[in-house]
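Dropping the structures in below, format is structure tokens.
Two complexes, one shared chain (chain A), two partners (chain B, chain C).
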Partner chain A sequence: MMGKVMKNRISRNIYFIPYVLWISLFVIAPILLILYYSFFDIEGNLSLINYQKFFTPVYLKMTLSSFWYAFLITGISLLVAYPTAYLLTKTKHKQLWLLLIIVPSWINLLLKAYAFIGIFGTYGVANGFLEAVGIGKQQILFTDFSFIFVSVYIFIPFMILPIFNALDEMNPTLLDAANDLGASRWMTFRRVIFPLTLDGVKTGCQVVFIPALSLFMLTRLIAGNRVITLGTAIEQHFLVTQDWGMGSTIAVFLIIIMFLIMFVTGNRKQGV
Partner chain B sequence: MKRLLQMFLLISLVSALLLYAISRLNSAQGFTSSNTLTIYNWGDYIDTDLIERFEEETGIKVIYETFDSNEAMMTKIEQGGTTYDIAIPSEYMIDKMRQEDLLVPLDHSKLPNLKNIDERFIDLPFDPENKYSVPYFWGTVGIVYNSKMLGGKEITAWADLWDKDLKNEILLTDGAREVMGMGLNSLNYSLNDTDEEHLQEAKTKLDALTPNIKAIVGDESRMLLEAQEAAIGLVWSGVASEIMAENEDLEYVVPKEGSNLWFDNMVIPKTTKNVDAAHQFINFMLDPKVAAQNAEYVSYSTPNKEALKYMPEEVVKDERFYPSPELTKKLEVYENLGKKNLARYNELFLEFKMHRK
Partner chain C sequence: MGNKLSPISKAFLVLIFLILYAPIFFLVFYSFNSGGTMYDFKGFTMEWYKELFQDTRLLIIVLNTLVIALLSALIATIIGVIGAIGIRSFTSSKAKNTVLSLNNVLIVSPDVIIGASFLILFTMAGIKLGFYSVLLSHIAFSIPIVVLLVLPKLQEMSPTLIDAARDLGASRWDVLTKVILPYILPGIFAGFFMALTYSLDDFAVTFFVTGNGFSTLSVEIYSLARRGISLNINALSTLLFVVTLLLVVVYYFITQRVRQTGMGGKR
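Entry: the complex of A and B
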């Protein structure tokens, strides 16, 4: 008896090795390094100046605007993704339709961004259409609209997938029961469908909001640097200014914010 | 469990096979560590036919990588992960790399073609006696504009950009020194100015330009200006000359308040594993015919005076791209301002980018 338990414990510990190695090398070590660098000023002296700097209007404004854009991107993605996912579960070949939505996410982000430069340009398809319907040319590229549109386009598969899974796993007899007990369609949605898919919605929001906070390539290619996010600032500090300390400090705040978001939207057992 | 193990074995096997195939392919093409040369250059900054010719002539295999800013290049060389044998930084960066001991001194006896370089470009302050660097291309920073789109309007000075009629017409380049330099020059300050008051003044002046700015972009500006997405661009001379060849309405001007004069140079970074091959490559690029072919492809100005003989006269005589010594005297070369001042430039540039219309 004892031998078997011991053996079990040993083999379980062996399975732990890759996990622990991975986590310590690629998650914990980098975070510690970032934390370490954040305490050095640009001349390499130990100081808290970077943290002081983060609380100046420039970086606070940047943080707020990053949040605002990430919030818009997540909100719009959710508004589009929820009905889409719902519709998908009702179609005949749902796996095929789902695949069609996922396929664009296999294409490199930069290629998609370049394609949108062509589409949204002054002489692009979008303006051609606006002209044909009599609205006339508009500046689309390098505006808030184009930035949010392209970001939503890029993130939407990640929002649809978890919601689709949640909807798909839902027991259809629950809907029949709600119907039999006299619930209206709206009530069924509010009291049955939505609570049951809430986990999917939370996961979707997490996987969209967190990367959206630190988007950086699109801010230049699609927004022409008219939108500055924390990601842009980190990139600049590491590659151009070589102020690794400040770049790391911003990253530390991003990490804290992400943990907070995970904590707030995390699945706590009680409730629902 | 058994399925998992099989899967795991299969993946390992496939990886091993792929690794083997790659190493076989490399050695079949002659890539071995002793005769490869890794070049680290700006994007689209060499005629790739010349790389092939160099490989054929010398039997050395070339690996070619690109960067998009001096700072990004230096960061990578400092870290030393890749064995770069040749890099092509700009002058102020060479000064910095020299001070931080990141460069290998050149052996001039292995570079007989160095004599082809115009004396104007030899022994400059950032590298006395060319101990570490050999000029590659040179040029200016200026304004390219589409006179047709502007209804025949002419631009001659930085100040012209603040014109209220130019709403949403300007593309800036995403570089702190270029943009801050423009702000400083427009106020008749030096573009190497580090006086905090002057920098603030320049930043305020730039903020006022915001309504006229369409976007602040990188290498895409070339494509955007060619597609007439905007009428005006802040560009390096070579970008201008390249797109002007495609579109006759475009005009290039070095603003009269002054601007930046720059030199890009070939150096051998400390990461090199093949100093001999690096010298061979530098000497090859200094050959007049090679330099001429390269200059025609890249469309920047070559410092190689023998090469000018092999190039079309209308190019070489064009004062916009081959300004005379009298003209270049008015221009300034970027100085290495040190980390702290550079950080200040970047901070102000970041604040300027965040300034909304």
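Entry: the complex of A and C
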């Protein structure tokens, strides 16, 4: 009897091996390697110089500006996504409309960025419009505006989805109750709808803010290297200057920030 | 909540949809421009598509991308299903939560971190950057989403189904292949499709771990786009858009059909 239980346990563990191997090799090891590399300078000597460098004004300013852009992108996404999600829940066939919101997010990111190079270019549609209205040609590509606009464009479906789900799960009788008790529409929103959908908002902010900190492709294609995010800095150190130590140090801080954000926006009911 | 949408609300929604789809249709529209630029539409042409199909280098890259996507999705699905079954068999909820948190690390990690850390990993392990490093990375970042999509299906399966099968004399293997797998099949399909789209969509991770000589579509589009506008990319994106739409439709119908034929659940 005991033998059979033991054998069961072993055979159970054997088939679990590929998954455990994946966790140790591709989840735990990479994080440890990043941490390990952050203690080496560019010549490969053990040192804390990277951490010292990180706390110089150059890197602190970069971190701060990266935060500022991520904050703007998340904020604007939320401002656009919330009403959109709210109105979507009120349409007939709301699942179909939601699917239509999600479809663009399945189009390759690079292609969307590429489209905006055309739209915002010197002779692009946007400038054509500005000229027609009488404002005249402007430099749109390679500005903060284009960077934030395109980022919001890319992230908006990811913000809409969790908010939509939260709104959709909400019990409609609560709204009737608030209404019967004489609450104004604003009051109902502030006291009933918003608190009940806060989890969705938190998830949305999390799935937008963390990637927004680490964007690097858009900063090159759309912002023309004017914006340097933490992601751009990591990419630069790893692939251009080959200073893996400094790149890893920035990555360590990005990981810490990521855990902090997950902690703040935590207590979600479900994953993703 | 039966009240109708006001005209302003409708206009707002229309505007959002317009903005979401405008860039895509913009690309499609100019892929037929004989003028060769993304402004000033001169006339209709299929030239860019012809050029696309004569560009063997690009076709090889498309093929690479598809092979990587299919292989990585397949392997990730297998490992993910194993993982989900394993996680479900845990009795202590603490162990379960720990493994689930570890599982989700790669989902919330920014692409840059995944790319950079995998680059270190492959370099230290002595794996040459190229096809295999890209394949391994894609498998690695697709596994957690498969687990997350399969696990709920496993959890909604009533344990009495397994007990019944065991009582009726089914072996462990029979239970797995004749009871569990058919039941969680919708979750497996969903996981496979998600893994497929993750792989097809990925740019940042691939960008880090692909060496010289091997390229996927995203990386190729990036290097083309950095050089400026070429309508080949537009033609390519039109084709990709059509393929994506087809995938969405297939995915939608699979999940719809599955929802209708669900059976034996706890709910």
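Here is the rule we use: the second predicted complex is superposed on the first by the 244 of 272 C-alpha atoms of A that agree within 3 Å, B and C clash if a C-alpha of one lies under 4 Å from a C-alpha of the other, contacts with A are read in each partner's own complex, and residues count from 1 in each chain.
Methods note: contacts are C-beta pairs under 8 Å (C-beta built on N, C-alpha and C of every residue); 3 or more make two chains touch, one makes a residue touch a chain.
This is a predicted model, so every value here is computed, not measured.
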{"item": "Fit or clash between chain C and chain B when superposed on chain A", "value": "clash"}
{"item": "First, second, both or neither for A:43, with chain B first and chain C second", "value": "first"}
{"item": "In the superposition, chain B vs chain C on chain A residues touched", "value": "C"}
{"item": "Touching partner for A:198 - first (chain B), second (chain C), both, neither", "value": "neither"}
{"item": "Touching partner for A:123 - first (chain B), second (chain C), both, neither", "value": "both"}
{"item": "Touched partner set for A:238, first chain B, second chain C, both or neither", "value": "both"}
{"item": "Partner chain in contact with A:224 - chain B first, chain C second, else both or neither", "value": "first"}
{"item": "Which superposed partner A:139 touches (first chain B, second chain C, both, neither)", "value": "first"}
{"item": "Partner chain(s) touched by A:183 [first = chain B, second = chain C, both, neither]", "value": "neither"}
{"item": "Contacts of A:100 with chain B and chain C, given as first, second, both or neither", "value": "second"}
{"item": "Touched partner set for A:72, first chain B, second chain C, both or neither", "value": "neither"}
{"item": "Chain B collision site on chain C, chosen from 79-87, 223-231 or 241-249, when both complexes are overlaid on chain A", "value": "223-231"}
{"item": "Contacts on chain A seen with chain B and repeated with chain C across the two complexes", "value": "117, 121, 123, 220-221, 238-239"}
{"item": "Interfacial residue positions of chain A with respect to chain C in the complex", "value": "11-12, 15-16, 18-19, 22-23, 25-31, 33-34, 37, 80, 83-84, 87-91, 99-101, 103-104, 106-119, 121, 123-125, 128, 153, 156-157, 172, 175, 206, 210-211, 213-214, 216-217, 220-221, 230-231, 234-235, 238-239, 244, 247-248, 251, 254-255, 258, 262, 271-272"}
{"item": "Sites on chain B touched by chain A in the complex", "value": "69, 71-72, 74-75, 168, 171, 174, 176, 214-218, 220, 223-224, 227-229, 339-340, 342-343, 346-347, 350-351, 353-354, 356"}
{"item": "Complex contact set, residues of chain A against chain B", "value": "42-43, 58, 61-62, 65, 117, 121-123, 139, 141-142, 220-221, 223-226, 228, 233, 236-243"}
{"item": "Touch list for chain C against partner chain A, complex", "value": "1, 3, 5, 9, 12-13, 16-17, 19-24, 26-27, 30, 37-40, 78-80, 82-83, 85-86, 89, 99-100, 102-121, 124, 136, 140, 143, 145, 148, 172, 197, 200-201, 203-204, 207-208, 217-218, 221-222, 225-226, 229, 233, 237, 240-241, 244-245, 247-248, 252"}
